[in-house]
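As written, the chains take the letters A, B and C, and residue 1 is the first residue of each chain.
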């Protein structure tokens, strides 16, 4: 599918989505509330986005951005979906039920960025200790003992 | 379900329903590193597996945020240390893509050859380690005999045997060693003669086949859903070879087949890796005699600055798809860097694959997933 | 000519001249105990070294080669290290059973030594139910292993011990049936008579194909009974770290590993006695000259040669095969080996009754 067709399809399902085509792949910026419905829609026909190859978060100091890199193993088109979250209460619907790889990646983002994934089946810390305070990959994270500033 | 303190307390008591909760790792012979699996057993049958990660987490992503675009490449060698060349290539390709640096053909050829040698070395080590998981000690030494030749080539080329750090943005750090081509050819010759021994010792062994066939089955849908890549997904019949989908360096110019098996069990994963080694040899054979003369590194500025924007580079490591995602603000260091490691996604499928099987099957499944713990923990 | 029989007879004669018979018997007992203990120590050292050398040979490497010429003192040095090490007992373990277990395993191995004929007329105890005695005693070692696994209070140990229990109990059957075939052919349970019956040829050659099948079954079954790869599920390094002896260290661990090697020696010695003629030299039909030359080789060398050949065979298995899974292991025994051995025993009985063997 061409980018135009993808745009058309996504606009139908997420009316507030904006697009950006400067990078390598089509970037789609959506609202966090629309994500779950859109995810369900793009997983099925005709887009068949069945493979999340990267799921991460970016800290912009003022807000967080969830970044989902998706591809279709059948049609080989890639899209990048982004959703901005507030820094105080970052919350987004989980997609672990749609793409099972998201379960682990969301747990990683949860502990590293503090993004809360609602309805996640098992939202616990995966890498850090249970009683770890703070979110290490956020820009404002400070650890005077273990961190060496260059 | 089990938090840290419960794990320590739990070692001598039974679980809530009388099942046995066993901590495999962080020190366990079969986890090849500090992977910690909390395995819930009903007799010998596995009811649930829960990975606990982070024992070797160095927060490489955070570390890279304060390193320049020349420096951060060296850290990536320490992630998947068995495919360090390939990790380095990914980072170099990304910087080259972002800054539109021309890479000389010579460097591209050498990179491809080294990447394939790394893949063979990684698979060799995997054969040995996996056979050891299944209780056969001897294949390890046979595999290491050939791997030794590759590490010697690496040592000649860049002075290191494991974490190479030979690839820089724009090409290579040094030119190849004068004996490089001869040594690679000698290796190919020996490999072709000796790979038959693995077939005799491992592939055709009745016990090995009965241990791996029908064990740890992963369907194609599940492989895609769990984000599995590399030999794990290809054994389930998923086309996912980045060298074919999005060719980099000179992969577009060489002929090779993407190895696909459809059974999705441990034996299929084993066969994919064995056949992949032969394909790697095929790639090297096509390139080794035609390495073009010329510069080994392109013209680059002293201080690299990636333009503002987002960049993503995918490569195929020995374990699967490795991705580097950089968000740049235009400075000398990345704003955010994310490494998509193949092992992390492959591990997430382990619980699904091993549930309901025996402890022995868990070793066969985990062995053929080819987990490298620093790659998972980053 | 040198023979162990001569030495024993001379010693006994001398003792009987010097002391009254009761004291002489007591002194003989002490000598036997000392000899068997030193044989144990020696066998432990030799077999561990042999295992490492065989493994090295198979794995295209050199093996131990630093301590002493060709590394022959390596195991002695290792033993010294193990003696010096602290024997830890875990806090939560059942201390009495935990410390008792290695000795039980060891004692069982020692008891098994009694009826073995090491050379012509050189046997500690020529009991008339020798074979039965061996089958009975060798089953006892599973108690020691279960004890070790249970008392360690460790889940890996427990799993290993349970596997070992299931395994030894099932493979005992096949080993027993394989041994019975020879008993049926010989018509005696006494070791010396079984050896004497092979005067004109070893059972392996005399007994047609059924005995060869029994021999193969015996080797498979005893490999499983001694917990050796490919049946080393009780220790299964990659699955259960070290199985039933996970918590053992120092000399207590060494006793387990020593007992394992002694058990291998004993089952191979029994195999050699039953199927390969024990200390009987190799005789071929009416080749008088050849048979005479063979007779010149001392019987003890014949016995040891055969035993060590079988030991080598079992070591060869270990360094070649991957490990079986626990359900495959039990399937192999109950679905294949046991029916085959039962049918095989029937065949051998027919052969024995009809007198079809040579």
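What we mean here is this: a contact is a pair of C-beta atoms (placed from the backbone, for glycine too) under 8 Å apart; a residue touches a chain by one contact, two chains touch by 3 or more.
Since the structure is predicted, the reported quantities are computational estimates derived from the model, not experimental observations.
Please find the path from chain A to chain B through touching chains that uses the fewest steps, and give that number.
So the least number of steps between the two chains is 1.
Please flag the chain sitting at the greatest distance from chain C, going by CA centroids.
Greatest centre separation from chain C goes to chain A.
Can you work out the whole-Å distance between the CA centroids of chain A and chain B?
So the centroids are 25 Å from each other.
Report the inter-centroid distance (CA atoms only) between chain A and chain C in whole Å.
The mean C-alpha positions of chain A and chain C differ by 63 Å.
Between chain B and chain C, what is the separation of their C-alpha centroids in Å?
Chain centres of chain B and chain C, defined by C-alpha means, are spaced 45 Å apart.
Write out the stretch or stretches of chain B touching chain A in their complex.
Within the complex, chain B contacts chain A at residues 1, 3-5, 51-54, 57, 59, 61-62, 66-67, 222, 224-227, 229, 238-240, 245, 309-312, 314, 321, 323, 325, 327, 335-336, 338, 340, 344-345, 347-349, 352, 377.
Show which residues of chain B lie in contact with chain C when the two form their complex.
Against chain C, chain B makes touches at 11-12, 20, 22, 28-30, 41, 44, 131-138, 140-142, 145, 201, 205, 207-208, 210-211, 358-363.
Once bound in the complex, which stretches of chain C touch chain B?
55, 58-61, 92, 153-156, 159, 163, 229-230, 232-233, 236-241, 319-328
Mind listing the chain A positions that touch chain B in their complex?
Listed in rising order, the residues are 22-25, 27, 50-54, 56, 58-59, 67, 69, 73, 76, 80, 99-101, 103-105, 108, 122, 124, 126-131, 136-137, 141, 149-150.
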